[in-house]
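Presented sequentially are two complexes of chain A, the first with chain B as partner and the second with chain C.
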Partner chain A sequence: MITLLISDTFKAVTPEEIIDRYPNSYNHFVLPFVIGIVFIITYLLIGLIRILYHLTPQDRKKLLKSLVTPKTAWKNIKDIVLDCLLHTKIWKRKPLLGYMHSSIAFGWFLLIVLGHIELALFAPRHLSSLSEGSLYYPIFYRFFIWINPAHETLRGALFFFLMDFVLLYILSGIALAMFKRVRSIALGMRHTTKPSLADRVALYSLWAIFPLRLLAEGFTADLSGGSFLTTPVNMLFKTFFGNGLNFMPTWWLYSICLGLFFVAMPFSRYMHILTEPLLILFRNAGLKVRKPRKGFAEAEIYACSSCGLCIDACPMNVQKKNLKYSSVYFIRFLRRHNTRKITEIANKCLMCGKCAAICPVGVDSPAIRRAHRETLNNKTDYDYSYLTNYSPQFATHEQNTPTTSKILYFAGCMSHLTPRIIKSVETILRAAKLDFEFMDKDKGICCGRPLMLAGKTEAALKTIEANRRIIKESGCHTLLVSCPICLKVFKEEYKLSGIRILHYTQLINELIKDSKLHLSKSDSTMVYHDPCELGRGCGIYQEPRTVLNCIGVLKKAKKERDESVCCGYSLGSLTLDEKERTKLAESCVDSLLEEKPESIITACPMCYRAIRSKASVAVKDFAEAVCEHIADK
Partner chain B sequence: MKNNILVIGGGAAGLEAAANLERLGYNIILIERDKQLGGHLAKWDRLFPDGLPAQEVLDSLLDNISNVKCFTETDIQAINILDKSFNAILSNGITVLADAVLMASGFDIFPAAKKEEYGYGIYENVITNQDLEQMFKQQQSISPIPRAIGFVHCVGSRDEKAGNPACSKVCCATAVKQACEVKELYPDADVYCFYMDLRMFGRRYEDLYLKAQKSGVRFIRGRVSEVAQTADNRLLVKAEDTLSSKPVRVNLDMLVLMAGMRPSEAGHKVGIQLNLTTEDDGFFSAKDGMLSLQKSKLPGLFYAGACTGAKTLPDTLHEARSAAMEIDRYIKENFIKK
Partner chain C sequence: MIDFGFGISPSSGINLNNSDKDTFSKLAKMEPNVLKCMACGSCTATCTAGDFKTTSLRTAILNLQNGLKDEALEILSGCMLCGKCTMVCPRGINTRHLILSINKIYGK
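Coming up: the complex of A and B.
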């Protein structure tokens, strides 16, 4: 917009305004930069082809379709601008950290764009072909040109100002970054990662690039023009050195740093800058991680910025020794193909999804872990053929009503181990005068989620298929579940089109809205624990809170909603022992008791058992709490 | 002047130790949290392996403590160490200065409601071993006459998830004893024992097991996975039979949970005040596990009974006697001038 305005106002370009200092448009100092940029572009192209090659044909088709669908295409652009350039996700969590990232990313982006516009306006010849230096001219523009002082225009001055302003913006970010290296806690991070050698090379060259640019452009500011930053630098150094001999080495250094950065990039964490847009495209296309190291997963792995936010987020960090199981290290080992470590971390993880929820790049590392487990465990040890002919006798709650009920209740094995929950759900359904059938009252087939989590996909698909057949044959319109672990797999893998899949928190919320269930409010205080699979897993945060607000006073936990702390007893972990789980449960309870509520309410049988064994206050299941407040209208 | 000795806990261990110490000429102050003395023994009907009435044992223990000062319904509010002796402030306002303290705080029964899958506190016909003893004691019969009754061994013991990996030692024999008793009362009822493995280690325990088998008690090796209620308010118990490698499902009228032993909570509170160390299982740790079982790391503080881990009644009584001897030696060495 601004550029359009400018080009309209100052239409005529006088050739005298800008004069090439080097008639052949070349100087040796551009070499390091050129080598770097050619290297990184080649690397990226090969990488992209590799990743696309490893996608399944269906996934490739899906991706292509998403690129041409206007809705997803628009979302792609929006996500790339918001996430890759402006870093809105980090802004929301830690404003200072957000400023740091966006100043460097967005600032650098602006510098490149403005540089190209400037060149296009003033010396378009050099953008036209490689032999005219189109690869490096926009970057080193200030080196190659001479401004005719007699013809200096306002338009030129505006660019000088803009470029200097953006440079200042970036330099402020770099200053923050340097400060963060020394004191990460000031920017809101308790733990940060240790950088590898390539990280260091890339990091220090990145830090050096912009101050060097300031110096280099400053030294040439009397020839090629400058503004409020570069002109004073020029004048200051002129008085010190008295000559222009410092001029060449600085431009060389600037170019070397750029080149170094690009060469180190693929081996460092800074690869995320270039991979994140690809990840966004994949994600928006709805692709899923299928292999732990290839295809989509590779994009995820290289998109990890190694920022270490997941270290602080990981519930396992209550024990210092478990810091090493954080996603950032998992991905680092994946990059290095360290199979032993990969397996160790993949098996230890709770799969609570908190790291993925808070990841600024949105790397879904639990999905990669699951894919890795699949490579280890996906063999069917048992004969599941008996499942194909199994049909249960549904337990209908009213014996005399004909079996026309359309709600099918699946309690799942964990609810069966906490009979209180089943009893409460049944009471609520009866109070709301809903007719329902109990799918697994007597016998039932596992929902498949535990098998999925363990990487036993084949076995899981067998149980899923058996349950799917039973559900379809029942003719129900709603499948009600009381366990979020089941809910997640029903939603993701069952493909039950035409059947609503509801967690009891959702159903109860609807019943209250439709005045089918009446609750009495008390003034007792409570806190709600977000189960991983219900909150982060299925995005259900609000419904339980809405209902609980009808029966009591809801207090806040220290960490809640998508930052809720796992209770520690997640089925996700294959190797975590009882003592470690106990520690996790205790930290979960600590977070919940932040505002000293009288009771803790949760909506997952697993969390309920875990929290109940550790909490000093009353712990109730959601349905149980609702049950206690049923009012007769 | 007689030396004061404070005995914490009026169960079998506390009573037996008090009686022995009294005989040795000490002045005993015994405190008990409950209304009556006897601890768990007072709540039990008959004892394995011979079916001796618990009341008889308790009565003979009580006969021997005629001169012991007993404070029932009393807690320790504060206890600390003064030079060589202990200063305890009791909840009834009395302050006791004692030269030695015997911890005989015993055990608590595992809260069976924690194993919610067994339905204790949810279904009326799920009870614990202690509840059944109460029923026997009050000669309360089960109505209607039960057709089938089950016993679940190892509830809250040998169970890491319940926080107690240790064996509670007495439940196997208790379950078999109770199964026999039930079978005697209701000969037509099917009686099942769901066990992991039977630890019938004591003298004549094995005879008890044979008697149970002969009387028709069915032993199923495997854990109960869950308990549900049927439409006619009976219990549907799902378990695994690991001998035939098959799941079993039985309908029962009553399920008895053999709740295990946990460290006494009240004893634990006293332990904290004296900085007594506990092992991973929560029970107090003795000075060493072989030669000084009755001593603690704190001079003058001794242990007897189940406060240092699950024990049978005869073991507890032995420990009480040896603790009395240890205390006697300690007093003579430290307080009585030669």
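Coming up: the complex of A and C.
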């Protein structure tokens, strides 16, 4: 019996199982869908050409190279499957949102794929040529065919079941999505984006597509087969209406909703579905945002799904009036070319990078803001002629013997405002018996990051060049930095090949590992604040924590690591005033004091100053805390 | 030296009638806190660029109030926007934005 069934399942389908109800494979109701799909394909092609045209020739070459390099090509495939299909990023952050989103997106994808497989197995001629309706046939397959009940196979039934199962999966997601519109907090979102008009059109037609599909396929289920969802619908409505008059209007509506969705798509948030794969290719190719609205940036702008996760993430949301400065609205105004608003938001942003870190699509909006600032400020006048001839007096310089085992310590402007950081770092270096030199003991040149953040790239490159010359001339092998702001620009822009660039948290961690520095452990509790530029900027989260675990008991903050709250005094913001910064600092301290630690430790001179002015507990710099626990061994 | 009652060096007097108050109020609109400056000089004292070249935001603000636009731009031209002055300003003036605004409004 079983063998019979199996052989029946895999036997080539007899022509009688599927019969075309419409010999010319066409009915007028497919028109809205066809118009929609043709429109969106044309739009996509033109958009793709536009974006590629605006890339610089080097970037285009880079992109092409990354597509044929096996390593990046594999990464592309992996990222596209994980991010665009399975949505692992949303699952990780908010499981319920992950379920909601993937049920609709991945479910729909499954429906389309299953539909095509079904067609390929049962009526392949409709898949191969346009004249046989290959554009719309897989979508409206159930409308066009008649299943011969006498010849219905297990294989056919399997597809009926799968399609209904996936449809149920999608419908559960749609129900969640509708619920989210009413109570978003239930799905873990305090604030959601206010949808624009095009968003609404696309959203409502998307919601309507799947219930209509259920009805439409339900009405034809007695002719074209159905399973546990569509067959009961068919039986129920047959008894209600008693005739087939509801048949055509439902299929028409289904087609209209599909068409409407596709036409509204380019003007709505749903453009992210089609742009995200392109963004992944660009990102993996290592392209950078050069212009705020063209090329790579355009791919980022259209890849934004407008989900609004960045609204809750933005540190500025402590004041409700500042919700409008979130990345999602910034990108919306970029899409609409609203220059006044774009400038206002771009200048206000702290550039803490939290929105980019939590973005499910990975839109790097701080980079776009920086690019926009560049269009505003790059041209302003400056005179850095004093930089060209400046060289600090190194001890080695006088002896004219540049040693190769030296550490060069660059404190940076902000560390000079907090001399205790510099003193502590020096004490630690001496305790570890390291040979080091001070690059900016009496005076020093700014690292260039503040200029970069303000969009004055040209000027920044001048200071970078001057510092680079000094570092190269010193003959050091390691550049030690105590300010995360400097660290980021040293790593990204300086191109110091052969020289290790370390933040002091990294160096101290290494010294402990190599038993060059011995620390005594106490039982006092502390919490570590992740500075934006050190954590999200340079990916250094673990080293400071490892060291702090050696000197005390580390508590957790409410938001930490890549979700850490900016202290508010970031150099990134150009227009945020003192009052607003104070509010941010307070919310940052609130998050840190969640588990009532005895002290707060941070590793950035700016965070140190900001937090110290607001905290009710002791605030120490990382180096200072380590210094207090140096053991003689 | 004999005092003839007149000299050949140019006058160092400032004619306040020539100072452009409208432009300064435009600046004050962009960065209102500039009016709060009490000329304490903390910004100048901490200035990174000031170690190399005379750079003083305090003087620049005074210059602008006196209508000396070119002098103000010159004294800020070495600024590297490092932000130390913002951190030390007792009046909470957003000095980086102020300097950018001065460059934008008064610059060429």
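Methods note: the second predicted complex is superposed on the first by the 611 of 633 C-alpha atoms of A that agree within 3 Å, B and C clash if a C-alpha of one lies under 4 Å from a C-alpha of the other, contacts with A are read in each partner's own complex, and residues count from 1 in each chain.
To be clear about the criterion, contacts are C-beta pairs under 8 Å (C-beta built on N, C-alpha and C of every residue); 3 or more make two chains touch, one makes a residue touch a chain.
Everything numeric here is computed off the predicted structure, so don't read it as measured data.
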| item | value |
| --- | --- |
| Fit or clash - chain C, chain B, common chain A | clash |
| Which of chain B and chain C A:576 touches, first, second, both or neither | second |
| Which of chain B and chain C A:386 touches, first, second, both or neither | second |
| First (chain B), second (chain C), both or neither touched by A:420 | first |
| Chain A residues touched - chain C or chain B, whichever exceeds | C |
| Partner chain in contact with A:473 - chain B first, chain C second, else both or neither | neither |
| First, second, both or neither for A:613, with chain B first and chain C second | first |
| Candidates 41-49, 77-85 or 95-103 of chain C: the single one with C-alpha clashes against chain B | 41-49 |
| Residues of chain A that lie at the interface with chain B and also at the interface with chain C | 416-417, 442, 578, 609 |
| Contact set on chain A toward chain C in their complex | 347, 377, 380-384, 386-387, 390, 413-414, 416-417, 442-446, 448, 450-451, 454, 456, 459, 463, 569, 571, 574-579, 606, 609 |
| Interfacial residue positions of chain A with respect to chain B in the complex | 395, 416-420, 422-423, 441-442, 578, 582, 609, 612-613 |
| Contact set on chain B toward chain A in their complex | 114, 116-117, 119, 122-123, 160-161, 163, 225-229, 231, 236 |
| Footprint of chain A on chain C - complex, ascending | 33, 46, 48-49, 51-53, 73, 77-84, 87-88, 92-94, 96-97, 100, 103-104, 107-108 |
